[in-house]
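Attaching a single structure in structure tokens format; questions to follow.
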Amino acid sequence: MITLGHYLVVSGMLFSLGLAGVIARRNIIIVYMCLEMMLSAANLALVGFSRFHLVNGLPDYTAQSLVFFTITVAAAEVAVGLAIIVALFRSKQSVDVESVTKLQG
Amino acid sequence: MSVLELIIALPLLAALAIWLGAPARAASLGATFINLILVLYTAVQYWGKTGLAFTHSRPILENPSLSFAVGADGISIILALLTALVMLAAIWQIEDRPPIFYVSSLLIGGGALGAFLTTDVFFIYAFHELALIPTFLMIALHGRAEPAQRKAVAWKATIYLGVGSLVLLAGLVWLVLEFSGGSKLTFDLEALRSQAKLNPLPDAKQAQIFFVLLLGFGSLVSLFPFHSWAAPAYATAPTPVAMLHSGVLKKFGLYGLIRIALPLLPQGAHVEWVQNALLLMLLGNILVMGLVTIHASRLDNTLANSSVMHMGYIFLGIAAGTEIALKGAVILMFAHGISIALLFGLCGRMRNQLGTLEYNKLGGLATHAPAFTVLFAFGSFASIGLPGLTNFAGEVLIFLGNFTEFKAGVLTNLQWTVILALWGVVMSAVYMLRAYRSIFHGSPATGLFMIDPVFSQRVPFIMLATTLLVTGCCPWLLLNLMKSAL
Amino acid sequence: MHASIILLLPFFSALVILLGHRQLKGASVLISVGSSIISFIACLFFLAAEDDNKLLLPFLDVGGHFHAGIEVLIDKQSRGMMFIVSFIGMLVHIFSLGYMKDDDAKPRFFGSLSLFMFSMTGIVLAGNLIMMFIFWELVGLSSYLLIGHWYQKASAAEACKKAFLTNRIGDFGFMIGILLLFGANHGSVNLDDLATAFKSGPLAPGAPGYSAGFTTAAALCIFLGAVGKSAQFPLHVWLPDAMEGPTPVSALIHAATMVAAGVYMLVRVSFLIEASPLAAEIIAGIGCFTALLAALMATQQNDIKRVLAYSTLSQLGYMVMAVGAVAMAAQHGHEAHGPNPGHPAMFHLYTHAFFKAMLFLGSGAVIYACHHEQDIWKMGGLRKHMPVTFWTFLIGTLALMGLPWITSGFYSKEAILGAAYDSGCSILFHSAALTALLTSFYMMRLVIIAFFGKPRTESAHHATEVPVIMCLPLIALAVFSVLSAWDGFATPLQALKPAHEPPHATVLFASIAAFIIGTGGAIYLYRGKDKDPISIKLFANKFYFDEIYAVIVRICQDRLAWIVTALERVFVDGLIARLPTAIVARLGAATRLLQGGHLQGYTFLLGGGVIAVIYLVVFVLPRMGH
Amino acid sequence: MSVFTIEAGLAILGLVLLLLEAFKPDISRRTLGLTAIAGATLALVLLTIAPHDSASLPGFIQPWHQLDSLALFYKGFALVITILVLWLTLECAPYLTRFTVDGKLAEMFSLPLIVCAGMMWMASARDLVTVFVALELVTVSFYVLVAFARKSAFSLEAGVKYLILGALSTGVLVYGIAWIYGATGTMSFDGIAKALANPATSKTTALFGAAVLLCGLGFKVAAAPFHMWVPDVYQGAPTPVTAFLSVGSKAAGFVVLTRALDAFMAEGSIIGSEIQGFLLVIGSLTALLGSLPAMFQTSVKRLLAYSSISHAGYLLLALACRESARFDLSSGGVVAFYLATYLPMTVLGFLGLGLMRANGLGEDIKDFAGLAKRNPLLALLMTISFASLAGLPLTAGFLGKLFVFLGLADHGYWGAMSCAVIAAAAGFYYYFKTILAMYTTEGTDVPALTFSGPAKAVAGALALVILILGVYPKPLQSVLTSDRPAVLAK
């Protein structure tokens, strides 16, 4: 029997992996992918909670509606984000996180 | 519009006008002169009265209750008089300086007037802060030292005063919270006072709040050991700023203690640990700074340190807290303000003309500048407490005030402190006479030449010296303004 | 009415001269001299005034809590003292007209003189201790100004400073004494109130809270004021140096009046001294010691003014001793005789004022005639050149030595010796007698060296008699030196005289013997000598007091100031100002390191921050009871 | 016309301008800018006359939208800052265009309108879904705006950093929302408050969710330790955008935070006291971490960034003081008041910076040297702005700080108060350092500075607002307490 706990553990692992990737990876594209993974983890948690939170015997769809919004927003973020990353690549010929360290102190 | 509002607004408006291009000297002299007349007018009106007069209030916020409330009693009027006199003198003695000198003098004076004449804690605090900014800027920009050094001095003063004001703010906030009766917070001093009278706090708590206020107000007044900003700041500050800050603005902290802390926390200063701490600190002012002053080898250092030292006596009056001592403290505030402004003003002239203030390079100035010498003598003898000049009346009342409660055979800590403090009177004579001896006595030093200022430039100093003489011979003039009990 | 004129006239004279001497020019001198003459005339009316205590000006008035005004207290002491002050003051003013004729700073001199007259009058008329203290300090100021009249001279500049500071130390004690009395007497420092309080009020023995230690402390503190002003040991060092001032000033201030103010004040508070046996003994002891010490020093001085200065010191010691001795005698039950008798100290003060002022003015005349030569060994033979000066000077000297039955000095000295005898302390009496002997010795030495023999220098040779305006005061004072103790002369002053009683045989013998031995010794040793046959370094160098004090001041003041300044810099400034700023600066710099600009660092901190927050909120805070 | 219609109209105007610029390339930036400003101004006027009760909203939006004085205040606030930013963009256009790819500023005029609409929605949000959507609308638009001056390496770097960290915080935020939902079973603030008042709700889950959610929101308001992006991004972004970020975005973050905390810390909430503790810790830390490093900054723009962090700290501390016993203003009211005072002083500061930039000067403190000589008026206005930022009395900045201190003292939070005092003291130092530089006279023979009449007018008006609010804050207070006594007025 798969319980809410299982979903949450998977979601938590996914979130942690994403966070670890964001921290550890130097390629901005990959960092960005890890960020998407964290969003997915959140989505998974939302869906899980929604499924196990029954209102009148049916799952509560408010949470799931948020999932749709999240996916949409993520898409928008990717669109804008990739544009910025491309601009970065154009000017620095690199997508390494270490290529942006001029602003400091 | 009440006359007090006019008094506060006049210098500030004049400053604004000068900033916008009005002729600096004419505008500022005119404004301060009218101001002096207005203050004298209020003093005459108040003559023989008691309690708060000329009150006028403009509500600003309902809760916390905040209003631009003005009002004056004897203490405020005496200090306003001090401000008006010193401001006029400080501005008058400026020669060939850019307008910012006039503007900043007006702002410092206006701020001080605001602090002394408003009766809302918020504005009392606010006006004082307003006056601090030009002080800081003037020391940093036009101080008498190398740019790096004067900036360092200005920073030191600003950080001390800034931190002090914040501690003070914390203390005031605490007061407001404790003494706002009913469901509303109020910053109105009278309301807080009546509440304090109705529901006094337990002594232990009064002591805590009083101590916070003491630290806050104290660092504004260069209470030992929070004094190390003062001497370099005064020694470096441009003349009008040194006159106004040491003469007037510094009195704000003392005024606050007398006007805010003591009435609201009548037992605060008498709880043993607070009293002992205060006594130790003020002895630091008197004895330690007395010795430091003796060690000074330049006139500006002597004056600056002596000004720190003399604060100890006023704190002594506050520590005693008796009617006589407090009135003495107010008189001494007035007296010290006038005398130190006079001395700083003359010191500034000397620096301008001679280029040095080192004792071992000076000498014999009395020969060629007799009028200058006499004026200086007024200042220096006032500051060592010579009877006939105002400081004496203040000091003697403070000392007497400490002895009103007396048991033969046993002296309290307070009274022992007075005895030690009396030794400070000897010390102040030592350094002042040493200064006077090295500068004015002896044969004129070679290469140094100084003549009396022309009459019009003597006027501001004569005005201050005359004030010292008149109020010194007739201190009851000031006492009559303070008929109501403190 | 008259009293206020006496007080205020010199004040306005001083003020007018101060403000307008440039416009007034020579007129300022006239104003000052005129005011002193009018004061004297007013004083003559004053002598007839009833006992009274009037408030002139409410100086300090704190509601119902405290008041101390400028008052005019009229009683026998103030009447007598007032006469002395205004009379000698007037004569000195007149004498100065001649003496200071060529001085550029005449207006300043006369202005200060007027200021002094004002201040001294204030002391005399003071009805309460605060007023006394006010004028006490003001005479100090005028003395400072007058000693430093020739401030261009370094010695004068140092001397005036020294005088003021030494007096300040005395005033330190005086003020403490006033405070103690103020506290103990519940807020009144009125002399009448205090006297009552000591007789039957809260300060009387047996009253609740009475403390003998307190009474002694208060008496000694007040006495310290007199020690300063009357130049008693150990604060005597300023008076000889004060001779740097113009000689008329020395006559008026540092011989006749101001220095005697200490004695006057002690007599005013004699109820206090009588209340404390210990204080009385200490006062008598100090006075006696000063008298002896100064007399010894005087025997080896060569400066005419310094001899007189030490003589003044010695005589002041005499008077102070008398104050103590009378109090001691009173404690032993030797009540003075007759109704309301005078005080021996006051009596001596009064006779001494005349002859010592005379001597100083005489020395001034000598100095003037010898072109500002002060060394007696460079004079000689002046007897013939300056007969008036010589004779008046001789009269003054004899009065000081106490020529029996003729001069006033004899009577007053005898009164003091009598008081010392009555005090029951034989040391007092013996040293007093010894002092009297020494006095005769050094004064006769002075006269012989300066006036007899042959002129030893050019300036002495060419000396001529001084102008009439300077002679007149000399003559007037000489007359008073002789006559002032005689019955029937200057009636109002008689009240100051102790009741005339047949002197004790021992006392009479001692004073006559002292006169004869001292005079004889001096004649024997100094007749016809061109240089001092005896040389005692210790006396000539004033027992090295100045040197010792210089060391003490250097250690206790300058070194200490240096050390304290250094400590203040390091500790106070360091701990309160520099250390916290340094800490905050360090913290600021450290926090800046967080902001390294590396994205990975930021994400790491952000992730770590999330974890830390979760830990804080989920695990820490719930346990803290938040 | 309902308030919602105004917001929608604003967003549509933004889109129209975007399209217009794309398809009519010859349209002048002046026209675009003025249109945008006109639109926003019109919206502001309409907002004041539109009905102010929730019932006036269209039926379909009512479950997600509320109109209370707080919401209305923030809507007005958003419009004012948008207008100012648009105008500032126009003023700075000459030098901004040097860094854009095609020398145009197209989106710089349309995106702020969309951001503004997003902020206005956020102010009215009643549930976490709306919050999330509106917040992302704002954030994503800001990604573009920050990186707008692409030819400037700084702007691009700022864009990348903002993008990565912003996205990371979004992830954290959504994750937190998920857990809050898991703990309470609802997305609406009212529901959350109700569920948290129920003792049966799992406290640990709720705490976990709330902590993660607050981390996400903390990033938006630059709370420590999520403030790292602020100095870099503020410094790199074009000045008008920085002003927008520092005032608009921060205000938006705080309005959401206020709403969320209203729910978390409602009467009887099982996690209320923990959240309060959290706010005190984070607030103190933020105030300190903002102030201390600021003391060493040489770039005024970066200094203002740190200052904005420090101000966020005070605001968080204000939020921690929930029930002020004797205060007309609730914590939300204090925050709103503080932000209202913060707006003119910050915008004035950035305006000054922008004008200096437009005159070819840098943004370092040393570039300020002698400003008083070169343009006394600007120096005076900047002095007022910085004095107010430092919290000097008689300026608006002091009152905000005073209210925060009053609240802290009233609750007896002396520890947090001392941190705030230390931060304020450090603040004195760095603000006055800048002021001092303006009046320094040594070695300044540079020509006088000039700036346009409208710039003078706007800057003067802002300074006047600072001073007036400093001595007469009553109107602002009455706006904040006009209705909804339940939330705003105690």
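For clarity, chains are labelled A, B, C and D in written order, and residue numbers in each chain start from 1.
Note that a residue touches a chain if its C-beta (ideal position, glycine included) is under 8 Å from a C-beta of that chain, and two chains touch if they have at least 3 such contacts.
Computed from a predicted structure; not experimentally measured.
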Most centrally placed chain, judged by C-alpha centres: B
Chain pair with more C-beta contacts, A-C versus C-D: C-D
Interchain centroid distance [CA atoms averaged], subunit C/subunit D, Å: 76
Cα-centroid distance, subunit A relative to subunit C, in whole angstrom: 95
Computed distance of Cα centres, subunit B from subunit A, in Å: 64
Centroid spacing, where centroids are CA-atom means, of subunit B and subunit D in whole angstrom: 42
Multi-chain contact sites of subunit C, meaning residues that touch two or more partners: 592, 595, 597, 599, 603, 607, 610
Residue numbers of subunit B (touch at least two other chains): 159
Per-residue multi-chain contacts in subunit A, two or more chains: 19, 22, 31, 97, 100-105
Pairs of chains in contact (touch as defined earlier), listed by label: A-C, A-D, B-C, B-D, C-D
Contacting residues of subunit C [partner subunit A, same complex]: 592, 595-600, 603-604, 607, 610
In the complex, subunit C residues that touch subunit D: 584-585, 587-589, 591-592, 594-595, 597, 599, 601-603, 605-610, 612-614, 616-618, 621-622, 624-626
Partner subunit B, residues of subunit C touching it in the complex: 18, 57-63, 65-66, 130, 133-135, 137-138, 141, 148, 151-152, 154, 156-158, 160-161, 164-165, 168-169, 171-172, 175-176, 179-180, 182-184, 186-187, 203, 209-211, 213-214, 557-558, 560-562, 564-565, 568, 572-573, 575-577, 581
Sites on subunit B touched by subunit D in the complex: 19, 59-64, 68, 100, 122, 125-127, 129-130, 133, 136-137, 140-141, 147, 151, 154-155, 158-159, 162-163, 166-167, 169-170, 173-174, 176-177, 180, 183-185
Sites on subunit B touched by subunit C in the complex: 156, 159-160, 224-229, 288-289, 291-292, 294-295, 322-324, 327, 364, 366-367, 374, 381, 386-388, 392-393, 396-397, 399-400, 402-409, 415, 418-419, 422-423, 425-426, 429-430, 433-434, 437, 440-443, 474-476, 479-480, 483, 485
